[in-house]
Amino acid sequence: MNAQPVLRLDNVGCSKGGRPLFRGLQCTLRTGHWLHVAGANGAGKTSLLRMLCGLSPIDSGDIFWNGQSIRAQRTEYQQDLCYLGHLNGLQESLTALENLSFATALRGHAAPLAQLAETLARFGVAGRGQQLVRHLSQGQKRRVALARLALAPARLWVLDEPFVAMDDAGMRMLEALIAGHLDHGGLAVLTSHQTVNIGSAPMQTVELRS
Amino acid sequence: MKAGQTRRVGTGAVLLAVLRRETALALRHKGEVLTPLVFFIVIASLFPLAVGPESNLLARMAPGVLWVSALLAAMLSLQRMFASDYADGSLEQMLLSPTPLALLVAAKALAHFVLSGLPLVLVAPVLGLQFGLGGQSLGILMLSLLLGTPTLSLIGGIGASLTLGVRGAGVLLSLLVLPLYIPVLIFGAGAVEADASGLGASGHLSVLAALLVLALFFAPLATTAALRISLE
Amino acid sequence: MTTPGSHLFKYAAPQKFYALAGRMWPWFAALSAALVAVGLWLAFFVAPIDAQQGQGYRIIFVHVPTSQMSMLIYLVMAGWAGVGLVFNTRLSGMMASALAPTGALFAFLSLVTGSLWGKPMWGAWWVWDARLTSELILLFLYLGFLALQSSIDDPRRADKACAVLALVGVVNVPVIYFSVTWWNTLHQGASVSLTRVPSMAAPMLWGMLTMVLAFWMYTVAAALARVRSIILERERHTEWVKHAVE
């Protein structure tokens, strides 16, 4: 695994339903930095993030991870990537612990239940591990979804509106978590409507407009 | 990153995790699993009501009727395969997993077979008795369903992944998948008939096994392609 | 770096192809009409009366070409679909969508003419012979394609999904045909077969070939005309379309 991973967007463009959303996006993100994707509603922030993950095809241009196009190295790239989208990725009929256990397994890792429970506690959902996700509040569900970030190593975090439904304490916790991740050599790309303060980490902004 | 305490596991463990999850979900939604089974029984019972209880006729019809009913019941539960994971974002996470998606899909199809197909295999002989099938025929019926229902799950996965989030997905899924089911139906019902008429079912059963192997290789690939398209 | 064929690639752009198709399809339509006239003349006036089947057999001059075309179109459709998936070109998907209704039409006509042939010959409007049954299943595959196309709102996603479906279908067609043939011989033996075309005298062969060519020309004309309206609809946000429809 590359110790100094680099994410590079080269002339990236996107269109939806035949209409172009944005074009010519150029950006390089290095270790320890994070990228703030800004833009009005409907400007294409989620589309860009999905393109970054490899979920959506890149309409024009290319995205490079460690010098190689992400299209050419899907498995390696996905090993390094953790994505949190609008949807939590949690099955309502399973407990929080079961969901986390599966999410960890999907990334090719395993963790003992005690560690999962401890992680939930760190994310402010202590003692709710055995409850079905259906019975948690929106904010608690989001926290469980975020707990995935702490469980399996990924160099690049792609987070779509991670601060939504979080209270002040939650926001502080998440900011600290991302700061810690960046300190340890990670990268992050996120969108947020709120002002975000991730310690002293260097930030780049990409503004999407047509 | 403090995540170093989690240990890496092999692909086998990941697939087991998929199976465990599907089983847990099925146990919490027993109705979803049992309803197609009941449907199977009800549909099969409609035929004697429609054509009369004459035992020779029923015995002759039995392989076809039971196979068609099993097919329809298997189809009913296809939507479960991906729809709820699609709705809550779990499917997205599966697409982003470093584990090859084709293997995850195969694991899901296996789970679907165990939870939806196997019950049909176990209940079919009871219905076969109602239709007057003899002992050996019942065995062949079970064997043909055992070989055929995994294929139905695998092929059904293609249809289920193509119609994710689409209007009228249920009926559309049936329309897409039924023509592809026809070879399995022909050889499945044919096996029981061949046995009943004394010709021996081994030829039919071999073809069913061959179809299963074909489906095992190609269906997960097609399903993977369809899933990526549905989640673009 | 221009290779001999590279100038053709400009036609992969919908706008250029729209113009090209517009110029081409009337020729194909005219050719098709001419060939149909010749074919029907050969079928009705030149080909001799069959010893066993009398005048009624002449319907095969429509039945056999339509069933061959329905299968050929499915192959071509799947081919375009595959190209579209591999090269991610928009036009390939549109071509596949343009061909599908014509393919379905030929499959349907094949069933109807097969039925019309069967009635005077065998006394039944429908026989479950291997060819007709396979044709029926092919019609189902076409209808599935069309249904999936119309159910998905996003045209790019619809094209790609239908492409996967077409490729899965094309792999299944031999399996289905094999299964249905087995099923038919097992149950009916060699009793009924609509595929027993009378042994071909030369004028019959010419008539058949002419009709196949005629339907082929019609397919090309119909597909080109249809792809033009698909292009207009899909690209309606672009400038050139706005000018074209003014």
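Just so it is clear, A, B and C label the chains in written order, and each chain counts residues from 1 on its own.
Everything below uses one rule, namely that a contact is a pair of C-beta atoms (placed from the backbone, for glycine too) under 8 Å apart; a residue touches a chain by one contact, two chains touch by 3 or more.
Just so it is clear, the model here is predicted, and its values are computed rather than measured.
My parser should flag the chain pair with the most contacts; which pair should that be?
Ranked by C-beta contact count, first place goes to A-B.
Suppose every chain is reduced to the average of its Cα atoms; which one is closest to the average of all protein Cα atoms?
Checking distances from each chain centre to the full centroid gives B.
Please indicate which chain is farthest from chain C, where distance is taken between mean Cα coordinates of the chains.
Most remote chain from chain C, centroid-wise, comes out as A.
If you average the Cα atoms of chain B and of chain C to get two centres, how far apart are those centres in Å?
Taking the mean C-alpha position of each chain, the two centres sit 32 Å apart.
Averaging over Cα atoms per chain, report the distance between chain A and chain B in Å.
Centre separation, chain A to chain B: 36 Å.
As a quick test, compute the distance in whole Å between the mean CA positions of chain A and chain C.
48
Check each residue of chain B and list the ones that touch at least two other chains.
As it turns out, chain B has residues touching two or more other chains at 232.
Show the residues in chain A shared as contacts by 2 or more other chains, in ascending order.
In chain A, residues 57 touch at least two other chains, as defined above.
Write out the stretch or stretches of chain A touching chain C in their complex.
My answer: residues 17-19, 57.
Which residues, counting only chain A, touch chain B once they are in their complex?
Chain A residues touching chain B: 53-57, 75, 78-79, 81, 83, 85-94, 98, 101-111, 115, 150-153, 180-181, 184-186.
Any idea which chain B residues touch chain A in the complex?
Those residues of chain B that touch chain A are 1-9, 13-14, 17-18, 21, 24-25, 28-29, 84-85, 87-90, 92-100, 231-232.
Would you mind writing out the residues of chain B in touch with chain C in their complex?
158, 162-163, 166-169, 172, 175-176, 178-180, 182-183, 186-187, 190, 194, 211, 214, 218, 222, 225-226, 229-230, 232
Any idea which chain C residues touch chain A in the complex?
Where chain C meets chain A, its residues are 88, 154, 234-238.
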